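Two complexes follow with chain A in common, the first pairing it with chain B and the second with chain C.
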Partner chain A sequence: MLHDLALITPQLILLIAALFTLVADPFLPIDASRKFWGLFGAGMSALAVVACAVLWKYGPFEMHTPAFSYHLSASGHALFFTALVSMCAMITHMSSPEYLVEQKSHYGEYYALLHFATFGMAVMVSAESLLTLFIGLEIMSMSIYVLVAFKRTSQASVEAGLKYFVMGSVASAFLLYGIAFLFGLSGGTSFIEIQRALLAPKPGQDLWLGLAVVLTGGAFLFKVAAVPLHMWTPDVYEGAPTPITGFMSSAVKASAFGSFLKFLYAGLSGPAMASLHLPLGQVLGLFAVLTMTVGNILALTQRSIKRMLAYSAVAHAGYLLLGTIATIDDPTLGAPFLAPTGAVPFYLVGYALASLAGFAALSSLGKNGEELTTEGHLAGLSKRHPIAALALTVSVLSLAGVPPTLGFFGKLQILRDVLAVENGKYLPHVIILVLNSVVSAYYYLKIPVAMYMRPDSKANRQYVREPSLTWAMALPALALLALGIMPGRAMSWASRSEQAIRAGTESANVAHSYAVVKGGGSAKPVAAVALEKPVAAAPVR
Partner chain B sequence: MTSIPLGHILLLAALLFGIGLAGVLTRRNILVMLMSVEVMMNAVNLTLVGFSRYNGWTEGHVLAFFIIAVAAAEAAVGLAMVLAVFRLKQTTYVDELRLLKR
Partner chain C sequence: MTGEQIMFYLLGGGAVLASAAMLLPPMGRSPIHSAISLIVSFFFLAGLYALLSAHMLSVLQIIVYAGAVMVLFTFVIMLLNLNADELQESRITPGRIAAGILALFVFGKLATAIQLTTAGAQSVDLSDPGFANFGSVPEVGRMMYTTFLVPFELVSVLLLVAAVGAVVLAKRSMKYVDRPLPPPAGYEHPAPSDDEGGHDAHAHGGGH
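Let's look at the complex of A and B:
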């Protein structure tokens, strides 16, 4: 039990931070509350990142052993994504207080909700069963619904929250219905049980499995804002408080893709999937191409920067969906076995940092309830608020994939990995991705052009210049450049994260069948035996 | 004991799910839309409990309890949001929320 608790230290830190914020906030005077909670939240999130790093480095050897009887794990995958979302939360905590004060909606609950959302994400990406995945997803979503509607005197914010809530709860109903069918097929909710049930195709199973794949897949596509389920994105991104928009496009997207990868690889693979005759790679490829193209074309015409970045988030969901193909192609589906290079997690790091820097910079534009975030407002920003202009420039350059930034290497890795699948089977998709990047450069580069080359207007515009907000935009922008110059470390972390999905699934499978052969008994020592096989042995099947 | 066959339970659940979905898509009152989502959730519960009962599993019942709890929390959040909208607009009909419909 203590061992289990030790494995979820990062999640516990986030949960304790949330509960403490909720309990202690009423006792703080308003001024103290404005100064304290942002720092406290950033500190606790940073502590969660540190806890992930410690577990990653010094964690027990049986790390792949899922804790709490196959419901949660602290595998490399879980730790990587928990650290990523905690990092996003840290930046969001830093960028929020001044924005909220200027928008006249500073309440302590905001920080508690942010912690709860991060906790939900951490649970979701660490899930080893569909039950925990669902609970984590709901904890995250419900906190995010409220955070989107947090500017409760602003009609746009409240309506955006309501819209997201209605659509999101329909999506979770779909996910649940899919989970129910997977449960009916396998008699369990953990990924291992589902995978075991899918090892042997049973007669009459195809219909249920197909339904389950369509329903759960639809729910995930909604969460990552893929076309045709992207309709909510522009409205919600525009209506939400700007730091929350940044949090959504970084952390929500990262956790949704993290659990999607886990679910696809650990849940839905095996001979039964092959007998379904559903070319999962090609279906995902189709959605990816549609998503990136529609997202980029709609982004071209936007005047509001928040709305434009929302469509660009849709386009990036397309790039990432294409990246998932490289991960899920599986020998049992008739494709050659690929080394998991971690294209999707690696891309997500670059994308998350770029979104955080960009939206933190946008948060600083405007005081007293104003949001100066249309293209026209940006004219001459380089003279008025040079740091915000610089951070926004680095952010959009990374989103566009310009070389010295991390975004370039992320895209490069996705291109390389997808091309490697079955000797260039997805070459057309890759060409479409490159063309899309060219199109997207047009609207991304409009932003630096407006900031640095347009003549400054005489209008009186005020900007927030508090140090915490400035650091919130500077840190991710610096990280984008630093990791862009030295991408090797982040790349190896990302590939270790993907390897962990694979190794964790397989060693757990061995452990499970061993336990079954032995006629039950405690799973732990058995799993330890199975793990004496090193991770590198996984590809031998 | 004559028991209801699993197929009937699943069919009923599928019908409920469809009714709920149709409700969300066609009704314009947010409160009714929330009720429809609850119907969808309960259809899922019925499916889970049906599978569990038919096969003698227990995990489905547990999952159904979790879903009931989550649905209750979701209803609370949803109603709070409806209240926030009502304070600003004095309406619960989505047709009258035009700000975000472009």
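Let's look at the complex of A and C:
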């Protein structure tokens, strides 16, 4: 039990931070609350990152270590994504106080909800069972719904919150329905039980599995804002408080893709999926191409920078979906998995950092309850606030995929991996991705052009008072450049994250065959065997 | 037909009828009547759960759904107090036809799947001593505090988030103390003369 608790230290830190904020906030004077909570939140999130790093490095654990009767785990995958979302939370905590004061909506609950959302994400990406995954997703979504509507005097914010709530609830219902079918098929909720059940075909299995794939897949596509389930994105991203928009496009997207990968890889693979004859790779490829094209074309026409970045978030979901294909490589066809190079987690790091830097810079644009985030407001920002202008420039360069930044290597990795699938089976998709990147450069570069080449207008003046906001822009931007110059380390982390899912999946399969050979086959022995005999993880590159 | 089967058809038929009454006129026209039909349907479902030896679930169905959730529903309906004009006559639109066809398709698939799955299945004799505790309160409690401890605890976090969120969103009248942050020490004002917003904030900040 204590061992299990040690495995979920990062999650516990986030939960304690949330509860402490909630309890202590009423006792703090207003000025102290405005000074303290942002720093406290950033510190606790950083502590969660440190806890992940310690578990990652010194934990006496295999790659795939389930805790609490196969409900949570501290696998490399879980730790990587927990650290990523905690890092996003740290930057968001730093960029929030000044924005909230300027928008006249500073309440202590904001920070508690932000911690709860991060906790939900951490649970979601560490989930070893669909039940935990769903509850984590709901904790995250519930907090985000409220955070989106947090500027309660602004109609746009409340409308965005309601829209997201209604649509998100429908998506959650679909996910739950799909999970119910998987439970009915396998008699268990943990990935290992589902894998075991899907090894042997049963009558009627194809129909149930097909329904489950459609329902759960639809829910995940909604969460990552893939076309045609992207309609909520622009309104919600525009209406939400700017730091929350940054949090949504970085952490929510990262955790959704993290658990989607795990779900595809660990939940929906094996012989039963092969007998379904569903070309999962082709279907995802179609969604990816649609998503990136529609996102980029709609982004071209936007005046508001927040709205434009919302459509760019849709486009990036398309790139990531394409990367997902390389990772799963059609388990439906029974083909062997590719060596997991970690294209999707790696891309997510670059994308999350770029979003955080960009939205932190946008958070500084606004005063007296107004957000000043159209293209016109950016004119001459380089004179007024050189750090914000520089951070925003690095951010959009990374989003566009310009070489010295991390975004370039992320895209490169995805292109390389997707091309490697069956000797260029997805070549058309890759060509469309490259064309899309070219299109996206046009609207991304409008931002630096406005900031550096347009004259400053007096009406736009504002300034940043809080050093934490300046750091919130500067840190991710610096990280983008540093990791862009030395991407090797981040790449090996990302690939270890994907190897961990693979190790988990393989250990289930190996454990099954082991149990079959020994004449066993019931639930308990298989799980036990999987624990005793984890497959030696492939060496980290 | 055994007694169990007769009970099943009675309860199942009742549930279907009550659900139909919820949606279709004349009952379906008034939200309150719909809500009452839903309660009736919940009671029939509770009976079905009892038939499946899920006593705990059956009782929870009545306490939680027919009790708490439905009270909430009726309160909301009465609070909204919709009149006849606001409740538009339901019309048949292409979207609804498409939704109906899709629902029928899913229903057909589910029916086929159930047929295929149960074709060769053997029924379980629940009077067997091995199933003595099946679906009972102690058994469900034991599961909740052992195998499903983590999801159980996580749900409590979820409920807390929901409660906090509801308070945050609903307390719209809470007075906001507007005190802009003072500029940090050593901060140099970029252009005090023509920066209105900054100047304002500066003056306020100086007051503390």
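As a convention for this text, the second predicted complex is superposed on the first by the 496 of 541 C-alpha atoms of A that agree within 3 Å, B and C clash if a C-alpha of one lies under 4 Å from a C-alpha of the other, contacts with A are read in each partner's own complex, and residues count from 1 in each chain.
We take it that a contact is a pair of C-beta atoms (placed from the backbone, for glycine too) under 8 Å apart; a residue touches a chain by one contact, two chains touch by 3 or more.
Just so you know, these numbers come straight off a predicted model, no measurement behind them.
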May I ask you to name which of chain B and chain C touches more residues of chain A? C
Which of the two partners, first being chain B and second being chain C, lies in contact with A:Lys163: first, second, both, or neither? first
Now for A:Asp235: first (chain B), second (chain C), both, or neither, which partner does it touch? first
Which superposed partner A:Ile297 touches (first chain B, second chain C, both, neither): neither
Given the touch rule stated above, what does A:Ala441 touch, chain B (first), chain C (second), both, or neither? neither
Between chain B and chain C, whom does A:Arg152 touch in the aligned arrangement: first, second, both, or neither? both
In the superposed arrangement, which partner chain does A:Leu22 touch: chain B (first), chain C (second), both, or neither? second
Name the contact category of A:Gly187: first (chain B only), second (chain C only), both, or neither. first
Considering only the touch criterion stated at the top, classify A:Met142 as touching first (chain B), second (chain C), both, or neither. both
Contact-wise, after the overlay, does A:Glu98 reach chain B, chain C, both or neither (first, second, both, neither)? second
Footprint overlap on chain A, where chain B in one structure and chain C in the other make contact: 131, 135, 138, 142, 145-146, 149, 152, 161
In the complex, go through chain A and note every residue touching chain B. 131, 134-135, 138, 142, 145-146, 149, 152-153, 155-156, 158-163, 165-166, 169-170, 172-173, 176-177, 179-181, 183-184, 187-189, 235, 238-239
As the complex stands, chain A meets chain C at residues 15, 22, 30-31, 34, 68-69, 71-72, 97-98, 101-102, 104-105, 107, 109, 112-113, 116, 119-120, 123, 129, 131-132, 135-136, 138-139, 142-143, 145-146, 149-150, 152, 161, 202-205, 207-208, 210-211, 367-368, 384, 458, 461-463, 465-467
Residue numbers on chain B that touch chain A, as the complex places them: 17, 20-21, 24, 30, 33-34, 37, 40-41, 43-44, 47-48, 51, 55, 57, 59-60, 62-63, 66-67, 70, 73-74, 77-78, 80-82, 84-85, 87-89, 97, 99-100
Give every residue of chain C touching chain A within the complex, in rising order. 106, 109-110, 112-117, 119-120, 146-151, 154-155, 157-158, 160-162, 164-165, 167-169, 172, 174, 176-184, 187, 189-191, 194-198, 200-201, 208
